[in-house]
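You will see two complexes here that share chain A, one where it goes with chain B and one where it goes with chain C.
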Partner chain A sequence: MSTTWLPCGVYHQNYVQDHAWWQTKFIKGKMILLFIILFVVIPLVADSYWLSVCNSIGYTILGALGVQLLIGYCGQLTLGHAAFIAVGAYTSTLLTLEFPWPKIMMDYGIAYPVSILIAAVTAGIWSVLFGLPSARVKGFYLILTTMAAQFITVDFIITGYVSRIGGRGQAFSLPPGTIKVGPWVIDSDLKVYFMMLVFVILCVIIMGNLLRSRVGRAWVAIRDNDISAEVMGINVVKYKLLAFFVAGFIGGIAGAFWISNLAAVSPEHFPWFWSLWLVGVILIGGVGSIHGTIFGSIFMVVVMEVLQLAIMPLADIYPKLLMDFLFIKEAVFGLAICLFMIFEPNGLAYRWWQIKNFFNLWPFSY
Partner chain B sequence: MELFLMAITTGVMVGSIYALVALGWVLIYKCSGVLNLAMGEMTLIGAYVSLSFYSMGIPFLLALLFSLIIGLILGILTERIFLDKLIGKPVLTVIMVTVGLSFFFKGMVELIWGTDTRVFTPPVFSIEPIHIGPVIVGQAYLWSFVAAIILLIVFVCFFKYTRWGLAMQATADDEMAALSLGVSARFVYAASWAIAFMAAGVGGTLLGNINGLNISVGYLGLLVLPAVVLGGLNSIPGAIVGGIAIGILQNLCGTYLDKYFLGGVKEVAPFVFMVIFLLFKPHGLWGWERIERV
Partner chain C sequence: MTFRAQIPGSFFYKKRLRILAVSNAIKEQDILLEIDDVHMSFGKVLALAGVSLKIREGEIHSVIGPNGAGKTVMMNIINGLYTPQKGNVYYKQKKINKLKSFKRAKLGIARTFQKVEVFGGMTVLDNIRLGRHLHFKSGIASGSVYIGKTAREEVEHRTFIEEKIIDFLEIEHIRDKPVGMLPYGLQKRVELGRALALEPELLILDEPLAGLNLEEVEDMARFIIDINEDEKWKITCLLVEHDMGVVMDLSDHIFVLNFGNMIIDGTPKEVQNNPEVIKAYLGEEDLYATRR
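So, the complex of A and B:
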């Protein structure tokens, strides 16, 4: 997807202007409005239910950003990203619950933020481990190895071994008050919401900045044609592994963030379905664009919520529907992916691009 | 020693079922270039359909035949509705459509038949084990093996001696040449999906007879992926050998390694093996090695 057209009378004279974040006054105003809505209006207006919907949108965005980086920008197909999210979540949980933190760190709520950082790095390294085959294989074979990452990590190591640490059977329960950031105990949807906003904005900025640097251009070159990228002097293996690291890092942040919203962490939170869901999200949103990830996440989560709201009244008449909702959700998700791939292969981001161009060039759209 | 022999025998017999499903997978890939991740759900559908017919009181072989016919219809429909529009699209698009299909199928199966484990009642094969020399084999395993081998032979003969089979071989070999000789590529695509659906259905029915039928049979259908990677993506003998090898590997690991781990070795072993194998031989035993050019 090429860049958007600039409005009449706006010229770029150097590369710095070309790559700036907010290029015109209009965009600046629009973004400030967006921030006001996110930080002020939604917390004031939304009730607990809609805040939790927002939180799951944020979690989906954080998870899908890594997938977007791997598939959309580096061309490394992955179907096992939930494994890295699980690694992040479990590392953070274990560190918060089991690690003998000095009392002063617990009191000031440093333990959880530090554990997020460690979790992210661990997930990144774990991801590099399973990215190693990408040095030799690509395309469909890489899908298989990342799939294996999912089965090995979640179904074998975490279910069989990690879950047993500390004599627990299945799930790690997180007692209220365990998750503390600075002076605040994260115990309500509102606090999770603000934490989610911070993480999403941080990760989007990190990814955006990486993508407009040398690293990002190397990734795009590898995606477009890895042989010619190698000919141009890019160390393909190094950059592929770097992409896996960054993707795993963001996945780890997603996992470590999400435990603040859960009462207990168990392997069922990170099934293979979730990996496929994330890939579906970026395909529906648009491959190769960050705002595509965001659109896709919003679309999928909201559609599922609306579906649930639509089915609830029917459940009084057919009580079986309530039980079957999970299956309906699966079927609808599958069908949505198929239809999007067939009829709208460029995703929602492409429509957004068209709308932006239409207004930038209006009224002379030729 | 007896334990070893038994693990091998059971492995070969279960592996022959995997081989049957893997054959269907390879067929789709060879003929239309689609990398199909919905194979597990296709086994599920076939298995549930034949179970439904069987519980209506229809004899087992007839029920199997009906499920073959339904598999044929569903295969053609799937190809015509979804895959036909995707010819020439990027790999990821096509793979994700098959992933979408797998969700769709799975949701539908759960919606229609529920998630409880169902068994074929009355049991199709008697529970009496059979003694072959020192080895004891369950009858379900033995008959599944026989059925899978018969079907494999039927499919191989179909490709070698019938007009349609030859047309499919020609398309797999060189699509452009086949088109110029008057082979209808669309027919071949539809036929490959139909055959894959049928093979998967029979495989699922046999697997369901062994362990009872629930959603996890779909996971067993996923084991075709290590099998085809081992054999090479576009080799039919490779699929058969790979399927049997994965069956043996799974049973050996289950027999010998299970006591050292906390369970789940049987499920994970094929995938671990696949990753290691890919690092050394990315194109499998008999797959084509494509030379890449810029």
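So, the complex of A and C:
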């Protein structure tokens, strides 16, 4: 699955071409078109509602990238990723609200970007802490230890202690105008959208580059066969912890980004179900594929929105539907995963790969 | 007729002794790996009961013995996957008993496995690149930027891999295929390539010929000879194998294990003619009968 066939008549003449991301002119054109759509067409066309849908897609991508890295590339099953997103969100919130920034930094809007970086590193370190058991345990047992991360972090530390800082009660409200990047106050869906694009593109580039260099190969080797990885000179524990760090780092960025879209941050934004949801996203999108993370996020968010739109008119006839929407959502989530496991276990990314190859080889597919 | 060197007390006799002493000393220097009285037991099963062996640099050594003789256990001890309960392992006169596997790889010990342990989800090229992990330098920061240092390094190592390994092992046509989808014989070859990419000094080959057809066996035997003798590689090999024909032809030195005990070590000729070995392993009939 790893390689795509090149179209007829296209040959590489040196290794640089062969190592490139976008290998043909057609792909380059396609990607430029995608960027034009993302940066120009969508902001012009989409209304506030669809922009917010895009934002939650971006948030899901950022969250799921870390899960993809751990499960899909490093083989470390995790079911507590929402904890690291929460750590990122809370670190960033606390830093922007409580930290005595110099006035210049507040004025020029440096405080929030800096807090994102600090939040990412904090979440990374927090993630390494809960990745430590991975040195000893594998598979199902690791699921339990990462679930512990969820319950210890969100339900115990954040709900019990962190939320009480400043005496605000359960939620930190973010007054309008607090979130400021440079000269822009992030107060509309459009601005959040652009910020989301920047972060998603950055994180995807980082992931992609890591996976085609030394560190990424070591992760995939650990996933496929940890004993022979160790024999080939890879410090397995170190690389597992590095994977946890990078996953937590991206999770921290996700959380710190998401507070710009929220009026208030509370522990209820990061339930255990969100961790499970992210795993579902990568299962549907395709395990072990960055495309898959993006496709899975788009699929899950759009399906849920469409479901909501479909239920709205029905609710007039049967009001209980609206009341039970949460349960319907969870049922659909479960059903989607079941159907994907049965009919397309390799996920949407595999379908994408097939389609791409069909057109690369078309019309002579032999 | 007696030579002057054979008369005790004569000048030539003393000179011969000196020469012998010097050549013995060189031999001690040449020893790459030494296992000294190693004991290993799993519960009540004694897998190795006081085995000692010395591996000289630049030679092909083989370990033979019936199934369950402790051959693979010994390889795992050399490799660091097991720690012996008693006894020592020396590599270049340095004790490496407690050293972890990945650090031993850094010292220059590589291995292949009996059941192929390739990275099934990675392509052939990535498998071999991973073998060069220790030769790559880029870390997490330069790796995530990629442009510049890492890109240069990737191209540099790609050249090495293509010219020295993929060409040598004749696997050009599969370099972009995921290894998990390849036939067994090619997987074995990729595993050998991965071990070679480490540029080791000691290569442990755990049954490199098991499950291959005759043609592939001949190819593999040729690769092993090349690895050992070619100026480019000059790698000391430690072979575990059941194919007596190949073992007798390739090896400079053979160790025979039987249920955790070393029966004999010697040249192929000595081993073939040893009555104990014939009884324990080779069978009463023709030596070559074990060949498939």
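What we mean here is this: the second predicted complex is superposed on the first by the 363 of 366 C-alpha atoms of A that agree within 3 Å, B and C clash if a C-alpha of one lies under 4 Å from a C-alpha of the other, contacts with A are read in each partner's own complex, and residues count from 1 in each chain.
Simple rule for what comes next: a contact is a pair of C-beta atoms (placed from the backbone, for glycine too) under 8 Å apart; a residue touches a chain by one contact, two chains touch by 3 or more.
Keep in mind it's a predicted model, so treat the numbers as computed, not measured.
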(message) Given the alignment on chain A, is it a clash or a fit between chain B and chain C?
(response) fit
(request) Give one of first, second, both or neither to describe whether A:Gly288 is in contact with chain B, with chain C, with both, or with none. (result) second
(message) For A:Gly334 in the superposed arrangement: first (chain B), second (chain C), both or neither?
(response) first
(request) Check whether chain B or chain C contacts more residues of chain A in the superposed model. (result) B
(message) Tell me the contact category for A:Ser188 with respect to chain B and chain C: first, second, both or neither.
(response) neither
(message) Going by the contact rule set out at the top, does A:Gln17 touch chain B (first), chain C (second), both, or neither?
(response) neither
(request) May I ask you to decide whether A:Val231 touches chain B, chain C, both, or neither, giving the answer as first, second, both or neither? (result) both
(message) Per the contact definition in the header, classify A:Val220: touching chain B only (first), chain C only (second), both, or neither.
(response) second
(request) Calculate the angle at chain A, using C-alpha centres, between the directions toward chain B and chain C; round to the nearest 10 degrees. (result) 80
(request) Could you tell me if A:Gly280 is touching chain B, chain C, both of them or neither one (first, second, both, neither)? (result) first
(request) Look across chain B and chain C in the superposition and give the shortest C-alpha distance you find, in Å. (result) 5
(request) List the residues of chain A that touch chain B in one complex and chain C in the other. (result) 225, 227-228, 231
(request) Within their complex, state which residues of chain C touch chain A. (result) 79, 81, 100-102, 105-106, 110-111, 113, 117-123, 126, 129-131, 133-134, 136-140, 142-146, 150-151, 154-155, 158-159, 162, 176, 178, 194-195, 198
(request) Provide the residue numbers of chain B that touch chain A in the complex, in ascending order. (result) 35, 82, 85-86, 89, 91-93, 95-97, 99-108, 110-111, 225-226, 229, 233, 261-265, 267-268, 271-272, 274-275, 278-279, 282, 292-294
(message) Quick check on the complex: what are the chain A residues that touch chain B?
(response) 71, 77, 79, 132-133, 136-137, 139-141, 143-145, 147-148, 151-152, 155-156, 159-161, 164, 225, 227-228, 231, 273, 276, 279-280, 283, 287, 324, 326-338, 341-342, 345
(request) Can you check the complex and tell me which residues of chain A touch chain C? (result) 1-3, 15-16, 18-19, 205-206, 209-210, 212-218, 220-221, 223-225, 227-236, 242, 246, 288
